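Step one of this worksheet: look at the structure below.
Letters are used for the chains, namely A, B and C, taken in the order the chains are written, and counting of residues starts over at 1 for each.
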Amino acid sequence: MAPALRVNAVSKTYARSESPALTPTSFDVEPGQFVSLVGPSGCGKSTLLGMIAGLITPDEGSIEALGELVTGPGNGRAIVFQDAALFPWLTLERNVEYGLRAHGMPKAERREKVAHALRMVHLDHVADKHPYELSGGMRQRASIARALVLDPEILLMDEPFSALDAQTRTLLQDELQRIWLETRPAVVFVTHNLIEAAFLSDTVHLLSSSPGRVVKTYDIGIPRPRDEADPALLDIRHDMLERLRAEVDDAALRRAEFAEVTEVGA
Amino acid sequence: MSADRLKSVCWDIVRKGWLLALLMFLWWLVTAAGWADPYKLPSPGHVLSTLGNLFTERALLDDLGATLLRLVEGWAIGVTAGVLLGLITGGSRFLEDGIRPVIAGLQAVPTIAFLPLAILWFGFNGTAVLVITAFGTFKPMAISTYSAMHQVSPTLMMAGRAMGARGLFLQRTLVFPAIVPNLVTGLKLSWSFAWRALMAAEIVVTGAQGLGGVLELGREIGAIDVVIAVILVILVVGIVTEQLFFTRLERWVNRRWGLTGAR
Amino acid sequence: MRARARALGVLMAVVVVALGGAVLVTGCGGGTGSYDSVQMGFLLNLTHGPAIIGLQKESSDGLAGLPVDEHPFQTGPEEISALLGGSLDAAYVGPGPYVMAESRAPGRLRLLAGVVTGGQRLVATPSSGIRTIADLAGKNVAVPAHGNTQDLTLRLLLESAGLKGDDHGGTVGIVPVKNAALGDAIDGGVVDAALAPEPYAAKLIATGVVVPVAPADRQIARWRIPATVLVVTEEFATAEPAAVRALVAANARAVARAQANPAVVAKAFNDLIAETTGKTMDGKVLMAALANMTATTDIAPGSMQLMVDAADAAGYLAGPVPPGSMVPRPG
């Protein structure tokens, strides 16, 4: 079977920046596979996701989604952003409906799909509320519903839980696992939280910075549903941390990155 | 009305009116004590009686009505044109590069400088005044609009595009609603510019009814009490529109757009 | 407590600023009684011709030892404000604004002498069919401003024909139109006629846009209504009687020269507007306009009172005008 996503030696260097944000990187994502990109700030993981989403153009290399060359957003890919990025002037229902309207779907059909998506994230009781009336966790669930309503074959998630408190984050991780098991899109999940990446994924690409690159790939064979306190997950996290320490040779950089990784990975 | 409600309304009036009350008191004090030359600064009582005469004898209410009608018309036309041009301008880099410096330059020219042209093109009548008012409104509104478009959150734009929104649909359903809170600021700003342009134009084109004409009458016959009375009327209209319209509009938009939290 | 103390401080600051403003309003204009110069105002109008030539010659060496600073104004009300506000000591003004000043601030000014009489005519578009004053019924007539000499004269004309302005229950629309916009107002059909000051009347007649309404012009000539008079502040007159006598004499010489040689006035006027606006007017138009006015120091008995009566009837006056203030007191 053809991969859902083929990342083919893409690289990116931003203007006014000395080292590349991302050196040539390649990997495939199979249909229904959950892949995480994890690493400290500046490792190029968000750049990579932006390129997959079609919002950033790679300097070199190419990306194919569902067998087609990616030149812009759309065709089977949906994105969940870090800060939910809901439209504040629309109710949750209208927010979730937005992508369907953009695709010109008839109203009756839209209503049914929106209701289903809201039920899936347990927000059907607040469908007519505005985003400012909801908690951060509810907003992020709405933004997941907004992506799922498009029936994406590829779901892209850019640090979706990093702005949430620890309890909410754990709840949403469980919920995401459940939803993914129900709907089974291919997922590319960006995070700087090592344990989160290991918990959710089939495959984790560990990235490091200066220059941004993949330093190791982990295949997580633990059966689902998983438990975040599983000792096997903690072992993987430990290995990732060791790996990152070894990668960083600049002393100053090491201190900065170490602080971040240990803090968020704890 | 409950006692608490009454109390809070009273406190609101005190909080918002203390400066006005103080200035009125000082005005009265200075004139009653005979410190001011009555020709240069008539007493509040004198101005109030002049104001009463203007309403009963000159039908100032008709002038006020004519001015407000022209103001609202000119403002509405100017706002519509300004927002449309702003949207077009902000929507394309090429258009913006060409249009922006021209509008910015025009904004530096006082609107009233165009009155002789407006009189030539539209006649010595209410139309010229309306055009000048609309033009005075249009410039700050267009600037507010395209400036607001630069402040639309890039994440929201990305989210919209990623969901497949393009072109006119994107402009109509995302860009326009996203700039609404900033547009409210533009509406307030352009309202004050509309007032200025309208008064300046009415002073010259005095044929029709209007506060500007009364203001000019007061100046021409040296009746400073009439001038102060008209200023007071404009001041009161300004306070009333600000409190009853703009403040409420702003509060509604801010709440609806989640800018003030759930207050 | 801190917040309340700060609020009190703010309050005090506001009071201080407001009182400061009040002192400014009341304080200025209170001179010491001794002057080291004469601040002289005049309008950039052709009817102020003797002022224009006189300030260049008859007053150029000063008045009784006091140097003269000249200040051109665009409109009468500003000039009156400057006089009553203490920025001017003497001025060439139209009788309309002077009447308004005497009504609102009686006794502050003193009428010295006449300067020019005439200088205004009723003109109408040929298509309006206005041939007599009575024909103005139901028409719109332009005047330069409320309460100015033309406005008051028009009201006298209407009264003489049994008509009234529409602001007093009559049928004649009296429309204030600035001189510069008069052509547009006539072209646009906003007005059918105008009581216009010179040289605007002559200019419009020369272009064929309007024709004079002869019966009205004859009536205006009979009234001998002044176009320009010379006034000083009472304070200046009291403090500097010698300078006032010198001013009256200088005015008389300038008036005589203007009456004897209108071409001098036309040239001085063109030079002055060229300096301020960069444009000049057709010499023939100016000479035609000057032929429609008389430079004279006389103020015809009763002519000023006509202005007062017209202003009173129009509702422009705040109180009674002292009758003595309408008679020249050159000494």
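The rule is simple: contacts are C-beta pairs under 8 Å (C-beta built on N, C-alpha and C of every residue); 3 or more make two chains touch, one makes a residue touch a chain.
Keep in mind that this is a model prediction, so the values were computed, not measured.
A.B. asks: Give the label of the chain whose average Cα location is farthest from that of chain A.
C.D. replies: C
A.B. asks: Would you mind checking which chain's mean C-alpha position lies nearest the centre of all protein C-alpha atoms?
C.D. replies: Central chain is B.
A.B. asks: Taking each chain's centre as its mean C-alpha position, how far apart are chain A and chain B in Å?
C.D. replies: Between these chains, centre-to-centre, one finds 48 Å.
A.B. asks: Find the geometric centre of each of chain A and chain C from their Cα atoms only, then give the gap between the two centres in Å, rounded to an integer.
C.D. replies: One centre to the other, that is 81 Å.
A.B. asks: Give, as an integer number of Å, the spacing between the C-alpha centres of chain C and chain B.
C.D. replies: Those two chain centres are 35 Å apart.
A.B. asks: In chain A, what residues contact two or more other chains?
C.D. replies: In chain A, no residue touches at least two other chains, as defined above.
A.B. asks: Which positions of chain B touch chain C when the two form their complex?
C.D. replies: Those residues of chain B that touch chain C are 19, 22-23, 26, 30, 35-37, 39-41, 57, 116, 119-120, 123-125, 204-207, 213, 216-217, 219-225.
A.B. asks: Under the definition above, what is the set of chain C residues touching chain B in their complex?
C.D. replies: The touching residues are 11, 14-15, 18-19, 22-23, 25-26, 29, 75, 77, 80-81, 84-85, 97, 100-101, 104-105, 108, 140, 145-148, 175-178, 180-181, 184-185, 188, 190-191, 315-316, 318.
A.B. asks: Help me check something: in the complex, which residues belonging to chain B touch chain A?
C.D. replies: So the residues of chain B touching chain A come out as 153, 155-156, 158-166, 169, 173-174, 177-178, 180, 255-259, 261-262.
A.B. asks: Which bits of chain A are touching chain B when the two form their complex?
C.D. replies: For this pair, the touching residues of chain A are 53-55, 72-74, 77-79, 81, 83, 85, 87-90, 98-99, 101-103, 130-133, 146, 150.
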